[in-house]
Amino acid sequence: MCGVFGVTNTENASKIAYLGLFALQHRGQESAGISCTDENVIHTHRNAGLVSDVFKEEQLVKLEGNHALGHVRYSTAGGNIGANIQPLTARIGGIPVSLSHNGNIVNSDELRTHLENSGAILQATADTELILHIMARSNKATFLEKLMHSFEELCGAFSLLILTPTHLYAVVDACGYRPLSLGKLKSSNGLPSWVLSSETCAMDLVGATFIRDIAPGEILSIELATGERKSHYFNLTAFQSLKRQHAKCIFEHVYFARPDSLVWNILANDARFAMGEALAKNNPVDADMVIAVPDSGVPMAMGYAHASGIPYKIGLIRNHYVGRTFIEPTQNVRNFKVRLKLNPVRETVRGKKVVVIDDSIVRGTTSRKIIELLYEAGAKEVHMRIASPPVKYPCYYGIDTPKRKELLAQIMTPLEMNDHLKSETLAFLSEEQLIAVMQKFQQKPTLQKEEKENGGWCTACFTGNYQDEIAQTKGYAEKREVL
Amino acid sequence: MCGVFGVTNTENASKIAYLGLFALQHRGQESAGISCTDENVIHTHRNAGLVSDVFKEEQLVKLEGNHALGHVRYSTAGGNIGANIQPLTARIGGIPVSLSHNGNIVNSDELRTHLENSGAILQATADTELILHIMARSNKATFLEKLMHSFEELCGAFSLLILTPTHLYAVVDACGYRPLSLGKLKSSNGLPSWVLSSETCAMDLVGATFIRDIAPGEILSIELATGERKSHYFNLTAFQSLKRQHAKCIFEHVYFARPDSLVWNILANDARFAMGEALAKNNPVDADMVIAVPDSGVPMAMGYAHASGIPYKIGLIRNHYVGRTFIEPTQNVRNFKVRLKLNPVRETVRGKKVVVIDDSIVRGTTSRKIIELLYEAGAKEVHMRIASPPVKYPCYYGIDTPKRKELLAQIMTPLEMNDHLKSETLAFLSEEQLIAVMQKFQQKPTLQKEEKENGGWCTACFTGNYQDEIAQTKGYAEKREVL
Amino acid sequence: MCGVFGVTNTENASKIAYLGLFALQHRGQESAGISCTDENVIHTHRNAGLVSDVFKEEQLVKLEGNHALGHVRYSTAGGNIGANIQPLTARIGGIPVSLSHNGNIVNSDELRTHLENSGAILQATADTELILHIMARSNKATFLEKLMHSFEELCGAFSLLILTPTHLYAVVDACGYRPLSLGKLKSSNGLPSWVLSSETCAMDLVGATFIRDIAPGEILSIELATGERKSHYFNLTAFQSLKRQHAKCIFEHVYFARPDSLVWNILANDARFAMGEALAKNNPVDADMVIAVPDSGVPMAMGYAHASGIPYKIGLIRNHYVGRTFIEPTQNVRNFKVRLKLNPVRETVRGKKVVVIDDSIVRGTTSRKIIELLYEAGAKEVHMRIASPPVKYPCYYGIDTPKRKELLAQIMTPLEMNDHLKSETLAFLSEEQLIAVMQKFQQKPTLQKEEKENGGWCTACFTGNYQDEIAQTKGYAEKREVL
Amino acid sequence: MCGVFGVTNTENASKIAYLGLFALQHRGQESAGISCTDENVIHTHRNAGLVSDVFKEEQLVKLEGNHALGHVRYSTAGGNIGANIQPLTARIGGIPVSLSHNGNIVNSDELRTHLENSGAILQATADTELILHIMARSNKATFLEKLMHSFEELCGAFSLLILTPTHLYAVVDACGYRPLSLGKLKSSNGLPSWVLSSETCAMDLVGATFIRDIAPGEILSIELATGERKSHYFNLTAFQSLKRQHAKCIFEHVYFARPDSLVWNILANDARFAMGEALAKNNPVDADMVIAVPDSGVPMAMGYAHASGIPYKIGLIRNHYVGRTFIEPTQNVRNFKVRLKLNPVRETVRGKKVVVIDDSIVRGTTSRKIIELLYEAGAKEVHMRIASPPVKYPCYYGIDTPKRKELLAQIMTPLEMNDHLKSETLAFLSEEQLIAVMQKFQQKPTLQKEEKENGGWCTACFTGNYQDEIAQTKGYAEKREVL
């Protein structure tokens, strides 16, 4: 997962981008970078580390220019080597270009082989660089044509921002897996000052107003000199197999997004509260208290408590200084990896029947430790309630889920999982229940009309129904590993 | 504010201390350090930064020995220069000594002048070093006598741990301002393994069991070779003026302690919930929702919601990556210093009457910005409820409160404060109400029998009634500055 | 200027390369790097800084494999940005390749434009990367053919080492501007262990024996598995204009090479002593002592003293800690930039007639300051003698000389220079005299038979007679700037 | 060994001190520091590393004030821990004080024990801190009296600079073991601008003029406000045993001093040339060439060549990038530790009879390797000539010589040493011959009249005749270890 942010026509553009990235820090803590354009030059600074580590006053001051683009990265494909840190920069057709990418290219292996065979020299191991090479090799006349031509060769998830000395482009793949929103900042010189961001919480921080989401298949071009924006749509004939439907990642609402973000125009916090309510209605239990696995579990637990009438209590405390711990397990301290992050409130749970609400179960290791810690702290019964379906299939669209064989739901039924986790009872929200929760939110019809039957959500990690044949094939390949 | 942690008779003592400090990180983020003793040597590593930055595997491995002591520091007196980073080490009477201190020495100026005049060379600007010099200059025969003699010269708050190659000492000043708890770890060699910690949350993390608090005026000595512990009490004739009563800092419960810590045997989370309940009963308001200023306001808001029947909502989101930001205000982004840390959930508060619960008002700048942000986000009415009395007086016992003239309550009545903060209404818990909340908790009589009439709490920051004449005099001096 | 070093079939290959680079450190202090090959992988570590800063035990240990290649860089074309630090690595036709380059590509602008126009994405600003891109785009079948094909497109100076998992290649351009020598190390496994180095001083350090120089236009391939070596020669039809003659950079002997290196089989120290002797015979002067501008001036001054009978004295002391100073000139310290590096020995030169021997005059700023310092120190007369002709033309073959208009000899006659430098007298060795000195050394005929009339030396910086039309054209362009 | 430098009444005092330390860098490469005084404050910056690493523009700019003092340190007593880095600072009698020390306190163990027993807390392991503590504990009324009183308690070598907000003091111990010179800088405001430096080469660099040496037992005080200087002499009754004679370290001339420094008013370069001449007269040999072990051997070899008529050649090249190498010996590279630093010029020495001139033999390991390298390079005969007597006794006055039992001359006669080193012949200058060389230099009588019979030189490292009983006793103790 990554975060992208862009802004045009504002003084202190690098500082606005810095604040934007700061608000998107939860989408990637491994590296950060900002590019600014000033006349015909693009200045870039990027490095491994948190936004506040990578950027100090002196770096921001050097990033001159009124238009900026930024990136925070959580290493997915490609490992965390230096050359993968974004924004990536290159000269394409003599023009300096800077690119920030959130998502994952599904046909990257094929593209990489093809490019290397035709003499390209690739520096990075991540897929983002491939996009630049495909653009550079396009023989189309204009830069916009090169862009459109390139996106037709890419299969997968890409919410992109591209900065040149004359334009800022915002691009979303044909399925619109990842969010990318347009907003507007007050400007001092009469021309509009546009903001583009993976999540709207960054707009709040910089004082911008949300306007709309970038549509699937859209290339929004903003002319820097005038602020004029135009929408273009790229042709998708190259990937005939692709179902041209919206496929919004439902995991953004389950886990990734900050609770104060509007994601596809739904407040993540509200979605989570509603998931908790649905979970209570569909999976009630007799208990003394509802507690949450913080942070995303908190609104879910509040929803569960509200719908069930069981009081919500603070039963697990999260240590926010974790992040960069390293320490190897020692003989005389058990379970400390989870314990470092989460401590049960002994006095609260002792002797009680507790419902624990979490957003999802992936490998199951954390859940198992939490349950063990709660019993050690004196809980009488621990009931696990998960506000999403079992994660059975890998994501090829940008979430760093483990391989299929490491997914607990791949090798166990929910009943077996309950035994394995040693919870008293365990229940999930089903895919239909989760979709039903999301359908209740009245959305403005900002997106393209043709919607998937399920409301246009990608639920491939629960169902294995990927949007394209390449992912489907990868899925089958991993299936064979499991068997 | 600082945190101290100690452990005896355990393999990987440095790693246990590391984990302990990690759990105490909220008590000080500016520096961290650990000393271990191994035979006749004390190994120490300390540096500026978070625990996870200061210590990596290689540092911990070098800290050999089965007995350790650690410190995290939030710069109070003395600025953040290198020589102030604890644990401090010295040779006293030929014996290597390492010391960790939480608190503040009230008569440090007098001691510093006296020491320098008699030829001592002081390296640090903080008060902790003075303790070592006083010990070093004591002409008593035994180390324990030197200790007892030294503490008789110190006025103020000190919860100390002192490690020598043969003993670990835990010391609390005569008023017991700051918590210091004793616990026990499972040991593999038959001898007891003791743990000492500023808060019990560190005991949870390392798997230790809480036993009791160190009493005011107590020197607990633990012989490292045998694990034998003995209590001693030092003589207080040197400070006749001192009221020998327990004076537990009530702000530990209002703000400092982690919610999962037992502080003087009361769960901080429970105390805060009860403060919120009392606040609702004494200061009701007609509103659509109760929201919290995270993190310490959350249980208070839940208590307020519970007692008032008004639903608790998530209305302010805290960005946990703040910590080390630096950026200078820019013209085109207003209020961002608070905004970086707290973002109102626009969709939740829009058009609503909101009660905001916070733990305290010190300078008032944060409260004012929060209220402004909430109105900007569309709130209809913003009612401020504070779960403690107005902070009118500086703390000379270890909390880094500003000078008297910077305290908002010093220059305004609550009504004037409401005007200044631009809240609809503003109300505080009174000192009597706060004390009444704390009295409800049935405590085991672990502490000395003679208790202050108000239950043995220090509320000097609300009342100006300091425990000793030196602080009282300082208070008067600052009063003259205000007038 | 740069230094390259390679070694095959030896344990601790990375350490041998480290030592080799250490001996070549005088050829480049800005960055250092080593690649090792182990099975099908190439491991590389490189960074800005001196060899001893870039490499510590932990880096060398990670560079596994028995074959290594290294580079030290003095920034010439391209500035000192990270992407320029060598060895450069890439995958070419699916094979990992590492490349170290000493020299300068004269047609780099044309190649860069051509590559970017055909869709290549260039990371670095230096010319070395172009070589990799040309190889990657060659449609020849074998790697050796790709190499041969690529070198036909390159005009200029390149002494290269190229490491793949199966071969080490040593390449020298058709004019052989820069030295590259082959040596042999004792090997423990029966197969030969080859060493390649810019200068033989690196062979001395690692205990290798010098065998021969790589010839102009030669590609020497060494099969790593067997140690078998073969010579190939690439076709030069692509650059018809090129005079296919040896054009050894005479400045290597005048200034660059370490005095203990055999450069084209002549000891640099002996060449310099002989230059000093010739200088004395052709430009005698009545003086009390001969002093040197260290370090390369020392053997020249000894030669001058020997031929003239005037005693050689130590009159200027060089501070070897300079290197990385930075300090800005201050009002109250004059001339300190030269003074930091060179201090006249006041007691030695006071009241004396002094002949100062230096290797060359480029901008003239240093010479002027040295003369001023010597007069300030009390010298009665300062006579400047330069062991090479006036530098009138820029070097396009790898030496970082300034632009034509900054060369003192371009705008002044020797007589005008004497006035400008304020020396008593000034004299140079003429080009003919310098060539005559070099001709006296009996060389083994290791190089190709066809030699330039002047013995195969490049003296373009003195004469402006470049070896190819591109350099000739650049020279004319700069001439116009001067006029 | 260390270097000290001070300057008064000049703008950019920190930059002048920086340049001064730069010129003294050869006296200590482990750490560097500068203190400046500005009004009542002393600003200090110091760190491990070379002068050019420790100080960048930003550090120097922060060191405000017109009076500065600096230090470079080569770790002698005390190891290289942070607290030992000078200048040391403290408050003494309420006055901030900064101190730079060159030398070694012989009675430091006794002083340390005494101070610790009386309650002092010592931070550093080096002896310099003791001086501050003794000053701080003096009950004398004025600062100057405290100084005088303190120096009476110190036995050993100390050339000190002490900076307070009102004065700069220069102090030399009663025997004057280490040099400390006074000079004068041009000043812009009418008042004198004084310079104090361990060596005069630093005066040359900053443009100051040498005036005189500080005398043994002298405290020179300079009033910063007026520039007025006064000489005081401290009482030495406390060390009755001390022979009150000048005991100038002859090793400063043999090895330490930069060749362009006047040390006790003798040019080090001239002294070394004369040592070489004397060596040739007393120890002639039939040979083809004289070569030097650089750097201090160069003038000695030139003197030998001049007196013997045998030509001086460059036979060993020193690599000036060594300094901070680290690499562990490897099986396939022999002798590389010396080889990294010194490379024989194979073509020069091959088949020749060579006289090698070095300054001294301490452990003998380097000499042995040099001889081996020369034979490997093809030398026919290698004759070793040493321009000083065998080093048989440890120095307790500031030179970091090894323990007595590690000194080669302690366990072997010169004949045995010749066998051990495998030289053809080996000869030394005797103590009488060395003293005779030094006597020839006509010195101005700047120092106190009463001189030692040998001209006032300390030759204890050759003779074992120390100046005081404590050193004599230490010498005996080490003798017992040898036997």
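By letter and in written order, the chains are A, B, C and D; residue numbering begins at 1 in each of them.
Methods note: a contact is a pair of C-beta atoms (placed from the backbone, for glycine too) under 8 Å apart; a residue touches a chain by one contact, two chains touch by 3 or more.
Molecules present, by chain and UniProt name: A, B, C, D = Amidophosphoribosyltransferase.
Note that this is a predicted model, so its numbers are computed, not measured.
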Chains adjacent to chain B and to chain C under the stated definition are A, D
In terms of mean CA position, the chain most removed from chain D is A
Per the C-alpha centroid definition, the whole-Å distance linking chain B and chain D comes out as 52
Cα centroid separation, chain A vs chain D, in Å, comes to 64
Dist(centroid_CA(chain C), centroid_CA(chain D)) in Å evaluates to 37
Residue numbers in chain D touching two or more further chains are none
Among line, ring, star, complete and other, the chain contact graph is ring
A full list of chain pairs that touch reads A-B, A-C, B-D, C-D
So, in the complex, the side of chain D touching chain B is made of residues 90-94, 116-117, 119-123, 129, 132-133, 136-138
The answer for chain A against chain B in the complex is residues 10-12, 15-16, 18-19, 22-23, 25-26, 29, 50-53, 56-57, 60, 185-186, 188, 201, 204-207, 258-260, 262, 267, 269-270, 298-299, 302, 306, 311-312, 314, 317, 319-328, 330-334, 336, 339-340, 343-348
